[in-house]
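Same chain, two partners: chain A is paired with chain B first, then with chain C.
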Partner chain A sequence: MDGLAGDGFGVSPWRVAWRGFRASRAGVHGLGALAAVCCGGLLEPVLSAGNPTPGGAAKAAVAALDAVAASLLLGGSAAVLAAVVALVWGGGAALAGGRAGPRLVTLAGVAGALPLPLLPLMAGGLLDPDLGLFAVVLGLAAAPAPAVAAHGVLAALLRSDMATAADAAGLTRGAVLLRRVLPAAAVPLLAACWSALPRVLAMEGLAGLVHLGPGHGPAGEGATWGSLLGDAVAGGGPADLLGPGLLLAVTLWALGAIGDGLAQAAATLIPGGRRGAP
Partner chain B sequence: MLRFALRRCAGLVLPLLLLAGLVLAIAPDPADAAARALGGLPRTVGLVVLVLALGYGAGVPLGLAAAMPAGGPLPLRLMGRLGHGLAAVSGGVPGFLAVAVGVVLAGGVEAAPRMPAAALLLVLAPLAESARLARNALAVQADSGFLLTARSRGLDERAALARYARPLALAAVLATLGPVGTAILCGAVAAEVLFGLPGAGAVLVGALHGGDGGTATAALSALSALALALHVGGSVAAAGLDPRRRTL
Partner chain C sequence: MTSVTAAVPHPDHRILTAEGVGVFRPRRGGGAGTDLLSGIHLSLDAAEVVAVVGDEGSGKTLLLRALAGLLPPGVERVGRVAAGRAVLVPADGGLWPGAPLAEQFAAALAPFGLGRGAALRRAERLLTRLHLDNPARWLPLCPHQMGEGNRWRAALALGMAALNGGTGTEETGGLFLADAPGAGLDPTVRARLLHLLADWARESGAAVLLAGRAGDGLDGPADRVLRLSGGSLGPAPERDEAVAAPLVPSGPPVLSVRGLRVAVPLVRGGGGPLVVDDVSFDVGPGETVVLLGESGSGKAVLLRALARLMPAVSGRAAWMGHDLLTLDDGAVRAARGDVQMLFPDPRAALAPTVTLGDQMTEALDALQPGFTPAEQAARAAAALELAGLPLAATGYYPARLPPELAAAAGLARALVTGPRLLLADDPFAALDDGGRGRFLERLLRVQQARSLALVVATADADAACRLAHRVLVMLNGRVVEEAPAADLVRDPRHPFTRALLAAAEGHRPALDGDPPGLFAVPSGCPVRRRCPRVRDFCAQAVPEPEVVRPGHRVSCHYWDVADDGDAGTG
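What follows is the complex of A and B.
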């Protein structure tokens, strides 16, 4: 049994992965914390309607909850772009093989070694981008590290006994990839690409803090956590910082914990996969 | 080992040349832009190295203690609990956020001593991250066959981990100096801006606010060179502890 198509007894890989994820206490707690942040964002209209002219800390908290949707949408769209780029880059390197494959991975490694979180700052200062362009820059800046991880996953699966057996049975390269490798690789690839989400949220926070990110429009229009942080540091007090700071910190922690849970789930699917600490 | 280090350093030449070429292509006055960026670099290097040393110096022993088997003397048990606690909050407090909270709580930049305050705030993130990395690295090594062999020859679990697994776990942690250093570098940019420290990060953000693309590119190139140097330093240090890494 090579363990790549579930547990080898007719159980789907997704079910096996979910079992592995649930075994990670931090991952489950992270999922709960993220759900709480999202619920807070959904409840914001109710909270602000009940108290139309809040002041001080309540006003800052409502503003931070109001920014949940904008921050998560911006982060989510940038992370999806980063995942697509990472899959094309890493997958291309794994499939190319020969000399081109290692070179593509080396390029991703060198790019990942650069301080790419400063790239959105450059875009914010020099291009004055709208939200869409900013999301593209965030996505591109977050892509190299998941690309290296995605290459590792796909290269390992392409060398696995399962792929070799399918190859020996006469399946074409495309059929091996589509019917065998990709279904088994879905959860490990999700784990590899998940790190892009906290990465883009942190980048947006940094850019907003130094007033080079989006959301600094009139009357807080389209405000994100980063822009609220920047405004709080520039002229507000601790109460103004508490809402966006706390929500960003909880979200980043939750996303990291979910990433650990996904890595543990992926380890249950890959033969010889090693689990880290709980 | 020397050959490995030289090969790694040689790998820096092409990216550094490309960064220099970028500055020459974009900056209207490359010499002035480079002088301004490089003028602030020593302060940024000092801040990043200080934070890395403090964070790894305290976080790695705590993380290693957290991965040790239960029992042992009280100080080690306390260190283990602290390591577990730090590892649990890892990722939730990025450097820039800690700096922002510190500045606001201190009632503004002027109220806090600048360089020590910036370093103390920035150290929280690498402290927690290095504790998590060390704990996980030792936990992974604990499954290794050579530990089973060591225990079968009469060594107790704690001694076997300390003698055989700890160097390899340390190597795995040192290999992350690059990514963690890059994260500290980005926090240092925020710290320099908020505390008014005249480093390369402050030059970068100041140039961006002023629309000076040439100086901003030069500052970004200087910071990129520092990040690449941290990556090479991390991989060479890791290879020093774990010879298997010299083939990578």
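What follows is the complex of A and C.
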């Protein structure tokens, strides 16, 4: 094998995946944009202290920055729940196989095709003040699509020659799952589940726009971008829409771009995407 | 998409003249760029067929694109290219996925003044030339509704239509460029298709330049074969590959397979159609048996059943006195130290997130517990050395290894437990020609060093005959011919064997059409719809094995009938 050995084959796959992410221009820009939004949220007290009685668009912008933490916390917690449900649902379907597996995936596919964004609207109307329950509904509504993707990733890996070869090498089914399938699936699954985050933020924004969901309390405490959008539609002017609308749009774009970067990282980790990278 | 470049009139029958052609990637801000191809001199006359072969990444696609004037952004060409009208059929065939074939042919033939009706009639003629059955049935369909073989027939016919309307002369023939034509097809189907394309070129005056990997059958129909290597074009060297050492008989068989049947499990716990049907063979110590067959022949399933990676319906596989097919889980684990497997794509078979060394150690832990870490390290080092890898390879992550290195890594992983039987499923599938030769040599060396019994499944008849002591030709789950490799090369009796050998030698196989799908196997002899010798009786009974001479058996009703011109070629 003279002349074939070369550098770089011992580079950790996680570093390779990170390089793949960095090679994705969209992913890097998305990460930068998300960081900028978070920094804006952190700097909000400084900005509002320098201008204690802002008016018009400046006031709306400060309020939108003030809502960064609440929006991302709500979105993040709902997305984590969505990811957990998706992994259990999709992973369970992949492991169950037989007749139950395809049925579970079909169910997820059907649920994903339903107008689930209406679910948070209804829940927002019924559970208005309960932020926790609202986050749960958001998470459940966002789970089916990543569940289908997670099933695709795991089912492909469980059927792959990698799993068969590990079986031939004497590994037990548990060891095949823990030491082969799950590490290989980690980045593709992260990419699959990441899509839940922009989804829940978009749903929360939609619910807020029609004045449902949390954050519509007095004096705007616990306000999210959705609730600010709703308030602006209900009583404010176009300038009030600009701040939360812009921040929500930038955040959604950034999250989508990071998702692209993660997909590229998954493809770099496993060249050719033969093992079910989404 | 099939790409067409504008016509430039040329005075005589020389269709292509390329002088001093180079392709380079310019450096940003000026200065010398990176040479990708250099000093290419090439000429093609009307009705001439030339094959350019080269390993993966040698620049074959770039050369075709440079000649067609269709270079991708970021690279530039130097030198002179004079060509008439040119068509490039890209590596995937270039059909529009969402448009019916009829629309694509009508658009391709419109510049030749053909209305829709005339264009469709011309399309049918071209598709018939490439042996597409009942072309009128396929024209309204989109490419994704066709099988791989028919999709390639349509892609090449569309290229022919776009070049010269399918009917040219020496003056109007044009230049037909095809990148890896028929890639992914079974060898007999691909060889037949390329010969039909060459026939058309010689009739229509087109000059054809085929580019692909050596060993992909491009050289068969070609008048000249050139090799692209290191960015330069030169004559193709003769292939000189190792062959198996003669087998010295030494004792009873180590593996004895009898009446093996394997079904595709379509539902859990339920049966499905048989993909391996009543297969029996023996493997002696140090012997190499090759299962030679095309897709759907059942060769890979057979290996997996022997390795207990899928269940068998019935049969016996006696290994060292134990039936591999009925061992309980504990005994299977013990047997797996002795019986190891190589997979077609080792990069996909090795875990991407675990180093090769750790994967070897895990296999030892699981299959042969009791070794100390120092003993495990010594075994891993020995396996790496046998596989031709440096000791540093224990730290390699397999997913990003180049194919040849990955094949060696897969071999090292399999050898670490010291197996006495190696089951290799298409071990050359991911390798280019050079890599295939070196890996074949390596496998033979390992076999001799360890006295391994080797069972290899492959569709590559050339590799099979070099590697094997004995060859079992498989078709639709059955062995249709079995003979020592030398006998099979000298005197193949089954039409399917003849076709496989003909395709490997670059001749036109006599078998026509595509292999039947799993659910469309005809009654009687499974190859009768493609067989040039077929008679009525072939539809009535599945042929049983008959003895040609000791050690040589064939399953054909008419194996002893004198040839009527189908000696592998037709």
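Throughout what follows, the second predicted complex is superposed on the first by the 260 of 278 C-alpha atoms of A that agree within 3 Å, B and C clash if a C-alpha of one lies under 4 Å from a C-alpha of the other, contacts with A are read in each partner's own complex, and residues count from 1 in each chain.
Basically, a contact is a pair of C-beta atoms (placed from the backbone, for glycine too) under 8 Å apart; a residue touches a chain by one contact, two chains touch by 3 or more.
Because the structure is a prediction, the values reported are computed rather than measured.
Novice: Which of the two partners, first being chain B and second being chain C, lies in contact with A:Trp18: first, second, both, or neither?
Specialist: neither
Novice: What is the contact status of A:Pro115 with respect to chain B (first) and chain C (second): first, second, both, or neither?
Specialist: Touch status of A:Pro115: first partner only.
Novice: If you stack the two complexes on chain A, which partner ends up touching A:Ala249: first (chain B), second (chain C), both, or neither?
Specialist: A:Ala249 sits against chain B, while chain C stays out of touch.
Novice: For A:Leu212, using the defined touch cut-off, is the partner it touches chain B, chain C, both, or neither? Pick first, second, both or neither.
Specialist: first
Novice: List the residues of chain A that touch chain B in one complex and chain C in the other.
Specialist: 274
Novice: Inside the complex, what are the residues of chain B that reach chain A?
Specialist: Per the stated touch rule, the residues are 15, 66-67, 87-94, 96-97, 100-101, 103-105, 135-136, 139-140, 143, 178-179, 182-183, 185-186, 189-190, 193-194, 204-205, 207-209, 211, 213, 216-217, 220, 223-224, 227-228, 231.
Novice: Would you pull the chain C residues touching chain A in the complex into a rising list?
Specialist: Touching chain A: residues 267-268, 304, 307, 309, 333, 336-337, 340-341, 343-345, 347-355, 359, 362-363, 366-367, 387-390, 392-393, 395-397, 399-402, 404-405, 408, 413 of chain C.
Novice: In their complex, what parts of chain A are in touch with chain C?
Specialist: 1, 4-5, 8-14, 16, 97-99, 160-162, 164-172, 175, 179-180, 183-184, 186, 269-271, 274-275
Novice: If we count contacts the way the header does, which residues on chain A are in touch with chain B in the complex?
Specialist: Contact set of chain A toward chain B: 26, 110, 112-115, 117-118, 121-122, 124-126, 145, 198, 202, 205-206, 209-212, 229, 232-233, 236-238, 240-241, 245, 248-250, 252-253, 255-257, 274, 276-277.
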